[in-house]
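Can you keep this structure in mind? I'll have questions shortly.
Chains: A, B and C, in written order; residue numbering restarts at 1 for each.
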Amino acid sequence: MGMHDVTDQVAGAVKESGAVNGICHISMLHSTAGLMICAKSADAQADIMRDIEKAVPTRVDFKHRETASDAGGHIKTAFAGSQISLPVEDGRLLLGDEQAIVFAEFDGPRPRNIIVTVYAD
Amino acid sequence: MGMHDVTDQVAGAVKESGAVNGICHISMLHSTAGLMICAKSADAQADIMRDIEKAVPTRVDFKHRETASDAGGHIKTAFAGSQISLPVEDGRLLLGDEQAIVFAEFDGPRPRNIIVTVYAD
Amino acid sequence: MGMHDVTDQVAGAVKESGAVNGICHISMLHSTAGLMICAKSADAQADIMRDIEKAVPTRVDFKHRETASDAGGHIKTAFAGSQISLPVEDGRLLLGDEQAIVFAEFDGPRPRNIIVTVYAD
């Protein structure tokens, strides 16, 4: 479990792509980890994780049975979302000053693959 | 109510488009049915539907009154989301091995229109 | 707090862009206000806001402390989402007859910046 700010890594991939104006798409390739646009504040991110856990408690009455954490992680991911699109403008990700791209681990820690794709002229 | 895996139909539309690299956008054109990236497991999908029903019980105290199922369906759809973007790479939808595109019926069954649009060079 | 239908403003920006076929991306640049595709019905929108408030009550046990409304707004925004992509077809936003683009204010009222970007040939 945990919230991880990946804004700098995504922004770095956008910069490396050399794209000037376009769309950046960020894909989580797993079904028990999410991607969200959140506040930068680590406290706000902890509050978000706590309320997701409250809405979808890890418990033992799931139909899908691997581990309770895995089964609950699937539901949390569906609630949180796992795909984000953002505009790229003048070579930079367009985000508000208080916004961050956050990877939400709902069944780990384990290695996760996040794909950043940039479409530009 | 029900979760329906539409991954193969969307992947078929992408293939038919002949697109090699680009973005695939999937639109649900209704406000009482959602689109989500979920686990492939039907049991995990059933768990997701049950937790959405728990977060937004179908009940009779809605302001919007057609049927309770319709009124609740609007809220469930807003929670679940009804638009998805995915990368297309080398002619294929980029999805993780355990991910599926799922159409969530919150007030049916009834005919639903899902639009798949592919943007590519 | 409040739900505001911004469909006409977004559709106007798309028309003004002169784009014929492409993608429209809508960004909320704040972390305490969301963007959702909802039913057009104002009553359904009020029901949605009420259920978001029920899932994430504004309260005083947050880690993130500015005001309770600000702290709760961060969580509501993460649940609701703050980025939308929609297809543009023949110069128009592709939306269902009952769908609207809604800006959800979770900590206002205050001025908010929403960026509409259109990618087209």
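Heads up, the rule we're going with is that contacts are C-beta pairs under 8 Å (C-beta built on N, C-alpha and C of every residue); 3 or more make two chains touch, one makes a residue touch a chain.
Just so it is clear, the model here is predicted, and its values are computed rather than measured.
The rotation that brings the Cα trace of chain A onto that of chain C spans 120°, given to the nearest 5. Both chain B and chain C derive from one sequence, and where they touch, under half of the residue numbers involved are common to the two copies. In whole angstrom, the spacing between the mean C-alpha positions of chain B and chain C is 19.
In chain B, the residues that touch at least two other chains are 23, 55, 79, 81, 85, 119.
Those residues of chain B whose C-beta lies close enough to touch chain A in the complex are 22-23, 36-41, 43-44, 46-48, 51, 55, 79-81, 84-87, 89, 94-99, 119.
Listing the residues of chain C that touch chain A in their complex gives 23, 25, 27-32, 55-56, 62-65, 71, 74-75, 77-79, 81-83, 85, 113, 115, 117, 119.
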